[in-house]
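Chain naming follows the written order as A, B, C and D, and within any one chain the residues start at number 1.
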Amino acid sequence: MNDIAELLNSATTDLTWQRDFYRDLHTHPELSMQEERTASRIQAKLADFDCEVVSGIGGHGIIAIFRNGEGPTAVMRADFDALPVEETTGVEFASVAEGVTPQGVRTKLMHACGHDMHTTALLGCCALLDDLRDQWSGTFIALFQPSEENGAGALAMVNDGLKHLMPVPDVVLGQHIGPGAAGTVMSKPGPALTAADTIRIQIFGRSSHGSMPHLSVDPTFVAAMIVVRLQAIVGREIPPSEFAVITVGTLTSGNSNNTIPATANLVLNCRTYNDAVKHHLYAAVERVVRAECQASGCPQEPTFEYTDHAPLTDNSPEVFAAVRSNFDAVFGVDSIDGTPWTASEDFSQVPRAFGAPYLYWMVGATPRAQWDAAVAAGRVTEDIPSNHMSNFLPDFEPTVQASNLAAATAVLTYLKK
Amino acid sequence: MNDIAELLNSATTDLTWQRDFYRDLHTHPELSMQEERTASRIQAKLADFDCEVVSGIGGHGIIAIFRNGEGPTAVMRADFDALPVEETTGVEFASVAEGVTPQGVRTKLMHACGHDMHTTALLGCCALLDDLRDQWSGTFIALFQPSEENGAGALAMVNDGLKHLMPVPDVVLGQHIGPGAAGTVMSKPGPALTAADTIRIQIFGRSSHGSMPHLSVDPTFVAAMIVVRLQAIVGREIPPSEFAVITVGTLTSGNSNNTIPATANLVLNCRTYNDAVKHHLYAAVERVVRAECQASGCPQEPTFEYTDHAPLTDNSPEVFAAVRSNFDAVFGVDSIDGTPWTASEDFSQVPRAFGAPYLYWMVGATPRAQWDAAVAAGRVTEDIPSNHMSNFLPDFEPTVQASNLAAATAVLTYLKK
Amino acid sequence: MNDIAELLNSATTDLTWQRDFYRDLHTHPELSMQEERTASRIQAKLADFDCEVVSGIGGHGIIAIFRNGEGPTAVMRADFDALPVEETTGVEFASVAEGVTPQGVRTKLMHACGHDMHTTALLGCCALLDDLRDQWSGTFIALFQPSEENGAGALAMVNDGLKHLMPVPDVVLGQHIGPGAAGTVMSKPGPALTAADTIRIQIFGRSSHGSMPHLSVDPTFVAAMIVVRLQAIVGREIPPSEFAVITVGTLTSGNSNNTIPATANLVLNCRTYNDAVKHHLYAAVERVVRAECQASGCPQEPTFEYTDHAPLTDNSPEVFAAVRSNFDAVFGVDSIDGTPWTASEDFSQVPRAFGAPYLYWMVGATPRAQWDAAVAAGRVTEDIPSNHMSNFLPDFEPTVQASNLAAATAVLTYLKK
Amino acid sequence: MNDIAELLNSATTDLTWQRDFYRDLHTHPELSMQEERTASRIQAKLADFDCEVVSGIGGHGIIAIFRNGEGPTAVMRADFDALPVEETTGVEFASVAEGVTPQGVRTKLMHACGHDMHTTALLGCCALLDDLRDQWSGTFIALFQPSEENGAGALAMVNDGLKHLMPVPDVVLGQHIGPGAAGTVMSKPGPALTAADTIRIQIFGRSSHGSMPHLSVDPTFVAAMIVVRLQAIVGREIPPSEFAVITVGTLTSGNSNNTIPATANLVLNCRTYNDAVKHHLYAAVERVVRAECQASGCPQEPTFEYTDHAPLTDNSPEVFAAVRSNFDAVFGVDSIDGTPWTASEDFSQVPRAFGAPYLYWMVGATPRAQWDAAVAAGRVTEDIPSNHMSNFLPDFEPTVQASNLAAATAVLTYLKK
């Protein structure tokens, strides 16, 4: 056991408030850009600590600056928005909240990605570091980022003057919970999360009464052909050894039973680990969409809007080396190697803005017995609820504990006296 | 010129109010089941006439009973709901109204099917018959039906006790405007409008994060395959000499950019002129949907809900013979033969409920010069806005006049002294 | 009973040779352009009659001219090629013949369209007219046409100088067997058979090893997308009240297990009753094919070759009126109204070349009990083998008799003294 | 420079016959199982060397045993069949040969995979070793394998008693030419080539005349839907980080223009690097095919036949280590690391049969200037002809030299005194 492990091991900080705090967030999820209530809860909790709080950055973004003498500056980040998913976990504190998407669609909401846990754990880390002030020196900044799900929040904070609100960090740290035995901490150097872009596509057909298809150009049919054909880009155009995902996250066309609509809308999410693949992929998507519109004789060219850009998350080998040895000391056999995740994050926008090195790791959230059984049966994919699923729910106690400690460990790697 | 032609020719009823009335309805369209304002406008106008009004039948349905001594009972019907279409006519009285569909989707609204004209003309017919009371005897009933677009209004009126609110009719009459030289009246015996059903289908996949398609069963892809494959039912399974339409009026799947949703929803509208074809068609739709779900390994069977049933509109040869000779007398060369329309109507639900014979005809609404040019160029399909299109707009003067007269002519065929 | 009925009723011509002749043809089917044996059998039989024979017209075409004094000229035509279908009738005289298509594919052969019956019956008609020479005057021409299945034979005979080999006919007659109670004769004025064209399409992709799809442009995938999308032309672009068929008769792509081929080939057969529909259909086919090639990034434009053109078969109302009254006299209740057939024929090329009026009728070939049972059960489509099916087999006795008599009746309508 | 490098460097063996020998094979390609001429040319050349030849093993397979005293046994293998590809290289010795596939299809043939080069180089290796007999001891076996392209030849040799015809080898070696700077030798330990299977699928529809699709179940449409949907297995069901290829190598349906056929045939080639992925893939293929047949109402279940199995080629780390150090000595900077190839081979069937370790490496065949330009332009994929392409042609001189030397180097690694 090393210094940091010993220190955290002997810490007596009261974290019993975390369960209620977490459940409160979980019961009241809010969509990206609309996280007013969540932000106010975070601020309320921060009032317990000796820190400077700046709020309302890039929407509902918040930083809490813990100044503690000379030394480096370490940032730990958590995100706090939720998803338009209808919860099916069946727990007593399950969400029944509703919201309206930017497209005007009313939807049920859920913390199906675990951001409630990230936020709870970052506040736990604040509590630990606030308690252990005599053990470290420098500046610790807890960064609470809104709007991660639409990939806009980190950049919004940067663009709202983040650089003028805090010192240049020496390191930026972040974590995410997901499938894995609850309490394990999974880290790796290099590429950890994919680059991603959202492509919003509008198809222009010609409307007519549903009984007169020959007077229409049916955009629903065009959209369907596109959805079908996009998968062949993955299967036929991308080298089979390369990573590429094209997911149609939203398809909407028409809103009545008997009118062929004039337009259809597609929202695509594309992910890659490699720039050449990305460029081919986007060119192929546009080629396919344009050609399918031509095949049906659409009267107008389709439009493409690229949004929600997420850069590649590419962990610094130096930060990894430094933090990992402490993870190993603190978590023992539960500090394991991560594999590249297929997901994306806008996490790296903040370190990129400052030119700072960064590390992003995962924390397992699956009840350990369930995880072990699924691994033994070779049924992880089938049996383990994953992020964004309506039945995703972290095993609270081991997950929050590991998340608290991992965050504090990584920060102390840079700030420990 | 016969008696009725002479009578209507010499009528001096003031109908100048019709333009304002029509524009008011046009500017304020309301969705099916929500026609509160429109119904109140109709009632306000009916107050000008000597009739008994019963309102609130099957929602916002209204009947106005003009009793005038002994004789047969003739019903003339107009519908008055509007569509979730965004108007592009550019006229000064164009609609900017919005509404919320039963599925909770906010949408622009438009009288894109001409029901505002039908209603205006039925009130015009009321004015004429009220003025000409000494020329006819019996009972004239003006029936204002809501909720035609969802196929539910006529049956809703029947099921709300219509039989107890009015005498058994000897004939039920109805009309619809559409493409054709404005002022022409198009009638035919036998099948005039298709049978139709709406099939609401829900596909059950498995949700996951958009970057992990292998953890999902992607219902958007399944829905797209279904949309694509349904057209092959028409092209491969239905005898090519038979009429069959399968239109996907609505397709919605997902509401975010980076989550594969758990379900997708399809709303189909199917039309036929023939029972055997209909039964094959519906069986084939269910077969295709179920098999596509199996092909993707959906964890749950799809569901099917049949709604908005519209029966075949099958004109009585006797009513046709009687009314047509008067149309010929009143409209001369502008009384022409109709061809079967591809659309459907719930119009026949009322005469079916009473066992009464019926006639349903069309009135041309296209500016005559535009129509003639399109016919000459062989470009009717391409150039003439049709019902449900966002630029459909009747040529007011000739259309309302022909509609007023056609309604009065048909009623007087039965009630003229 | 009229004159012709009486005459044919009392004819004593020996037709017992027909069964063996028919079975011989049935056992030895030959592909279009390759009907050498069949032509020699026809010529051998014609040698029994008093007629001039010209053979080798447009390939294996034959005319037999029966001159019999002054009077009009009537042509009766039969076709005699077979199909690349493997017979499954199970009869003792079933075909086991093989042939090689023009594309070089070895295939089993079958008279699955009944041309063996047409030929047998035209020879029966020759026998009858040869026997009854004293009852008629004028010129009777029996025209035996090869290569009907590829739509080329009639035009090949015309282009090989048919006009110089025979007098201008006053009428041209033809018949075809098919589903229907054996012995019934089905006739109608006006459109009887569809216009048809074959469109041969070649798709150009880029070949590669099967394990390296990213180096290829996969023409098999492009061809599949085209096959799928073509049916949407029928379902979405053609007015639902119009007749339109697009059948992919042949699709071939690749010839190994592990090479993505460079090209794919499609052979389409398109049928319509209406020129405007036809033009839209062909334009849409080309639009869809070109766009699907673009969607996959094909390095070269697809090519289109239009072949096997069959014109609309549009029966002369005058010929129909004249012949039908004699059919009614000869066949009684078995002379019935025909409905438009979905199939096509190049039959009308000969009368078109001469500017002569024509009539084409159908003869039922299904065992009567089987037909009646299927009609009663509403299972004609499911239960009755149709032309081109591998189990299509006419009920010999009533079919050949009706075919003999119908041909003779129609010819005598013009030539009877 | 080490011993082997020095030895081979100073060898004076006459290899000038190789150019003519190679061109002769190239001009006369033969399909798998039909390599009679090629086998006779190999045997003729082997007659020049001091070895025992056994021919006709598993078809046209040949082994040449060079016994040379005590010591280990090393096998070097080359394959010698060709492909149904039409050559477009334009060289004077280009193939114009034709053949007939097992399915009866006539096709042009080409050595588009470089087996002519493999064979020429193995004979070159024989010449070198025969000349250098005093430098090595043990047994060298040159194994000439037929029918690699259909994946059957190696197993056919094993099943024809190979074990009784030769001693148990201590090592089995093989090489393949492909894209890469001519003369480079690319090697790696572990997985080098994919596991592959061919799945032959027959779809059963119902035939009918092309104009009567409603009487048919169109197997061409079913096959097209399957081709389209298979790519979604790759894009939606396989983890995006895993390697999976589904290629439809052959699709044939129908052989006329106007008959909907009764059956369609698909030949799939599937490749993976991982057993779990393979099992999921094959189950998904069967699920998709069965469901698409159900969607169209096919009267009979589809059939699946698994053939042309190629096991994973998984290089022995020990053999790699031993041979690679000699490659480095002989080729210097032209001995480079290989990356896993997407292709498959039945090469490993022979060492598997004997339980012997093995190594399989690649030799670059692209003219060096062309390769360097393509790499610099980032256009390797677009510009460099790859195996199985119709314009694939090795740069003879550097390719044959490197292939000769690589084979001899690897053998001498085990047999050098």
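Basically, a contact is a pair of C-beta atoms (placed from the backbone, for glycine too) under 8 Å apart; a residue touches a chain by one contact, two chains touch by 3 or more.
Treat the numbers as computed from the prediction; the structure is a model and nothing was measured.
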{"item": "Subunit D and subunit C - chains in contact with each", "value": "A, B"}
{"item": "Pair sharing more residue contacts (C-beta pairs) when B-C is set against A-B", "value": "A-B"}
{"item": "Where subunit A and subunit C are represented by their mean Cα positions, the distance between them in whole Å", "value": "66"}
{"item": "Euclidean distance of C-alpha centroids - subunit B vs subunit C, Å", "value": "45"}
{"item": "Separation of subunit A from subunit B, taking each centre as the mean of its C-alpha atoms, in whole Å", "value": "48"}
{"item": "Subunit A, residues touching no fewer than two other chains", "value": "211-214, 218, 221, 225, 228-229, 231-232, 235-236, 239-240, 245, 271, 342, 381"}
{"item": "Residues of subunit C touching subunit D in the complex", "value": "83-85, 101, 103-107, 113, 149-150, 194, 196, 198, 206-215, 218, 220-221, 223-228, 231, 245, 247-262, 264, 267-269, 271, 307-308, 341-344, 381, 386-390"}
{"item": "In the complex, subunit C residues that touch subunit A", "value": "211-214, 216, 218, 221, 225, 229, 232, 235-240, 284, 287-288, 290-292, 294-297"}
{"item": "Sites on subunit D touched by subunit A in the complex", "value": "228-236, 239-241, 243-246, 271, 276, 339-340, 342, 378, 381"}
